[in-house]
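A, B, C and D are the chain letters, set down in written order, and residue numbers restart from 1 in every chain.
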Amino acid sequence: MKKQASQPSAFHLNTKASSKLAEQEGKRPDLGFGTQINNHNTRLINKDGSFNVRRINGSFAARLNLYHRLIVMSWPKFFGCVLGAFLVANCLFASLYYSVGFDSLTGVQAHTSIEWFWEAFFFSAQTLTTVGYGRISPVGPAGSTVAAIESLIGLLTFAVATGLLYGRFSRPTPRIRFSTNAIFAPYLDINSWMFRIINERSNQLVDVEIEVTMSRFEKGTDGRSARRYYSLALERRKITFFSTNWTLVHPITAESPLYQCTPDSLNESEAEFLIILRALDDTLSQLVHLRYSYRYDEVLWGRKFKPMITQLDHDNIILDLQALDDMDEVPLNE
Amino acid sequence: MKKQASQPSAFHLNTKASSKLAEQEGKRPDLGFGTQINNHNTRLINKDGSFNVRRINGSFAARLNLYHRLIVMSWPKFFGCVLGAFLVANCLFASLYYSVGFDSLTGVQAHTSIEWFWEAFFFSAQTLTTVGYGRISPVGPAGSTVAAIESLIGLLTFAVATGLLYGRFSRPTPRIRFSTNAIFAPYLDINSWMFRIINERSNQLVDVEIEVTMSRFEKGTDGRSARRYYSLALERRKITFFSTNWTLVHPITAESPLYQCTPDSLNESEAEFLIILRALDDTLSQLVHLRYSYRYDEVLWGRKFKPMITQLDHDNIILDLQALDDMDEVPLNE
Amino acid sequence: MKKQASQPSAFHLNTKASSKLAEQEGKRPDLGFGTQINNHNTRLINKDGSFNVRRINGSFAARLNLYHRLIVMSWPKFFGCVLGAFLVANCLFASLYYSVGFDSLTGVQAHTSIEWFWEAFFFSAQTLTTVGYGRISPVGPAGSTVAAIESLIGLLTFAVATGLLYGRFSRPTPRIRFSTNAIFAPYLDINSWMFRIINERSNQLVDVEIEVTMSRFEKGTDGRSARRYYSLALERRKITFFSTNWTLVHPITAESPLYQCTPDSLNESEAEFLIILRALDDTLSQLVHLRYSYRYDEVLWGRKFKPMITQLDHDNIILDLQALDDMDEVPLNE
Amino acid sequence: MKKQASQPSAFHLNTKASSKLAEQEGKRPDLGFGTQINNHNTRLINKDGSFNVRRINGSFAARLNLYHRLIVMSWPKFFGCVLGAFLVANCLFASLYYSVGFDSLTGVQAHTSIEWFWEAFFFSAQTLTTVGYGRISPVGPAGSTVAAIESLIGLLTFAVATGLLYGRFSRPTPRIRFSTNAIFAPYLDINSWMFRIINERSNQLVDVEIEVTMSRFEKGTDGRSARRYYSLALERRKITFFSTNWTLVHPITAESPLYQCTPDSLNESEAEFLIILRALDDTLSQLVHLRYSYRYDEVLWGRKFKPMITQLDHDNIILDLQALDDMDEVPLNE
């Protein structure tokens, strides 16, 4: 490298300044959305945690993404797919037996071709599910071969269906409820931006970690408005146990991007608070990720959360899940 | 942001002081229980590692939490559920065959309707489990359809039961035994708070990490007593192998919250020592989490653990698991 | 140790200098390829992400690596293996029934030995898949024993096949597309080396992390050319969400190993840019790893990526996957 | 806390000194073996990576550890267990059918009770595996009930066997080969302690991390010899790819516990080098852990590893696995 440095340089760089610019840029927080997204009235994260991004012109294989689709589709749709595939497969194999000939199956009780087809259809169902009652059974090499292949296919297909079923069933889907609104609340001798979460389930979540990023439109030096991203420093961003409720607090100190922010300026900048939650589901030993967002119009000013823990009982700590959104109006600190 | 700073500010903040207050608050350790919990005589963590928190007013779906329940319930209860579901399903399908008509099944050996029902019941069991002996078998479209659907449902249901069974069986449940009591013991030229753990099983646990937090009631400046949390610094909080016994040592230096603590002050403050253990089960490549707690009345003063390793054998290191609680009385350092 | 230090030392070390040399060596980045690899025209990482390394003289057991092979082989090959094993097993068991004797199976409809063999073959298929129609069934201890063992083997073998099938199906295979070329582009007031990636699938990848290492041949002080490795500092090496496209930027500051690099010097040094991507597949809660590399001849000079996000729609952010390689020619900064 | 500090203190601590002692102790490396282990001629880690520790007096449940045993036992033993359980279960159920009465099964071809028992035995096998040919089938409530329960039990038991089989099959068992001997080799202008590893398999291991700890007996100030543990600083302790061979180098600088160590002093102190390897199996997305150790008598002095990469081929990098232990004699640096 040193030898090259003494060669006549191909570029004339103002290196001192340039590295400083590059450094500054590197410190800008980015959640992976970029600053290009600047149509107003667009949420970045939908209320269900998915990204508000639509992909076009992808390849067929990439769009198919069979396993992923089968895992995330709704239960009725999933069972519909299973039943549909079962019917189609049975029709197909019944046609095969039919085309092989009436003497490929023994024990069929049918007077017409259509009755024969239906007997073959149900025989096929008994083969695919490997029940194999045996009232009807294949004879001759052709029928036996079709039946052998069908039972093999049935076994493998149901193996996948089974795996999918269990994969869907065992997938960790934490039910964390976020308070309907984030609030601006007094905090010590300053103010803070807060929201509150609870774990609706009795699953034990541990090592819960939260990151909050605020995105808003700002006018640049060129007068064009562009999205900017700011990490919000939290009073506490990680807890070991998530056993009760957790109030996330961003103290609005002079370093905060929300310092001297007013309801009007918040609305004008179309601010969105993007939240990422990571935790470990202790029962299943699996990592879970959650996303959520609050928009400027989902933030209340001058509120205070009421405690959620009631202690009617002597030995138990009781958490009232319906008190999640309970709050009082309070004046903010000035 | 700079432009905004020159605008007339909406809040008049004593920013220097305020940020200091917020910073201090941010350093306060919190396990996720909060300081609201202040009924006395309440454990935070039960002896089995669960949180002593009861949720009320949750939604039905959240409370149901089927998969989680089926995974953590006891073995007899689980088999009871499986057997119960099996009986109910068979009754249901037997009724279906019954309502379709006596000619839906061939080969039934029954003189009365009740006998027919029981034959249908056992035929249903043979269909659900896909045994399908074939002495009885469905005939006609109606009976065959019911049987086809039943075998499909049977296959999928047993798939889930199977997955659950294996999920339960393979779930990592480390058997770490904690010494019955934590102790105050002399340590070098000061004292320390100690407890001891062993791995009862031959599973190899690696990268074991422990955190200890002490919770106790303290009178605040307003005279009200509230729970406070203190991290206890451990002499060693992580070991690579957990092959023998491990004695966890919190040296009571001047920085320790236990400095100058006496048996009386410990009892009065209703101290609870909350322990979190994280490890990797090497055999199964799975993370495991454990919780445990010692209350003030489970701590002994002036004790010393006896060694657990005996070397009767020339080539083997022998660990006597029954010696876990063996200790001697010793005077504490002054 | 101190006692030893005062003993007459066995080695006379110039310790000051030596520790400095060792330290320097320790700071050299290494991806695990070593500097021994010095045949020119050799890629380190193939385009599919595998390492360009062939192992010879390994033990049979290590080379076999059955599970790994069955998981990574192509789908047609996998089904071929399953079908082949099925045929072989049936032939084997048919021969066994044949050798036990014609009276081991009842219900066989055969006039010749060959017909009997085929009936035994299909009976074997029905036993292996546990369909068990029962037209043919074993009688006598010998035939029954063979059938019992076959059904046991069938059950266990299909268990493995089933597991493999699901393991293959559920294996996380992210489809991240890299731009065909990496580019040298102007960046702020300097230049930079860039490439761009997109997630072709709708799977949500989170906590995506990228490392880029440049490998090139350099003439050492002894005149021999050897491979050297340099970490390239990225403007941003980790993003939380990978929802749209991501342009990776290495700013060419004075500290960069690409500082004052020209097209000619890049080609001459046979540079290869090795890329490692780590992410978490949010849907499946699984870590994914990807490797990619750009060679000197896959790098373009003086280009700029066009934006990929179009906003035809009011509520949706639209990402055009076909615009991945769209770029303009621009003059580089000097 | 401050209030308490002004109370008359219960302990008179020399706090300055005491905290220093405790700090020093906290810096001592410990692998989880402790210093109690001091019988000579005992390895800490066996050659297969297991700990040389035998547990006694454990509870039955902890010792049983069924899942773990079934996962780690050898293949022949595992199949033996499966076959044994199959035979025992069939005997048991055959006895049950026998005790229910000869008319519980129809289709039995038997002249004697013993023949009946064997028919029942094979019928039981057909029920457990859910083959259910149907030549024999249960009649009457008693026989049908036993058969229904048996098929349920069979289904669930095989589910577990199946899970275990796949669990065993898919368990990541990396085949990393360590060089037979560790060596003392010249390194730059000092010496170093080295060993070399290769990945025998074509699995791609990434993010491989190694820790080396030396354990040896040292005479304390009280003249008693006790085990001490030292972390050995490695020139490089982590690589991203483990595609070829990796030589682990501990440079013997003045800070090393091996500084001025001689063959005699090494043998006398009965040194053992304990190695821990962590990696991610890229194909299976699973963490793997390995342990290994070299004893003083497995270390060679004055050797140098020969390169393992040969380049006969133009496009491929060829790694000769048999060259792992190839080395030359060289004089050490003084």
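Everything below uses one rule, namely that a residue touches a chain if its C-beta (ideal position, glycine included) is under 8 Å from a C-beta of that chain, and two chains touch if they have at least 3 such contacts.
Keep in mind that this is a model prediction, so the values were computed, not measured.
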Quick one: superpose chain B on chain D by CA and send over the rotation angle as a multiple of 5°. 90
How would you label the chain A and chain C contact, same or different, if same means the shared numbers make up over half of all numbers there? different
Which chain lies the greatest distance away from chain C when centres are computed from Cα atoms alone? B
Averaging C-alpha coordinates per chain, one finds the centres of chain A and chain C separated by a number of Å equal to 25
Between chain B and chain C, the Cα-mean centres are separated in Å by 35
Multi-chain contacts only, two chains or more: what residues does chain D have there? 126, 130-134, 162
Write out the stretch or stretches of chain C touching chain A in their complex. 82-83, 86, 90, 109, 118, 122, 125-126, 129-135, 158, 161-162, 165-166, 169-170, 175, 187-192, 200-204, 206, 208, 235-236, 239-246, 251, 253-255, 257, 259-262, 265, 280, 282-285, 307, 309, 311, 313-323, 332-334
For a test of understanding, state which residues of chain B touch chain C in their complex under the given definition. 130, 132-134
Counting only contacts in the complex, chain A reaches chain C at residues 1, 4-5, 7, 9-15, 17-19, 21-22, 25-26, 30-34, 36-37, 39, 41-44, 50-59, 61-63, 65, 67-68, 71-72, 106-107, 126-127, 130-134, 136-139, 141, 144-145, 147-148, 151-152, 154-156, 159-160, 162-164, 167, 171-172, 211, 213, 276, 286-289, 291
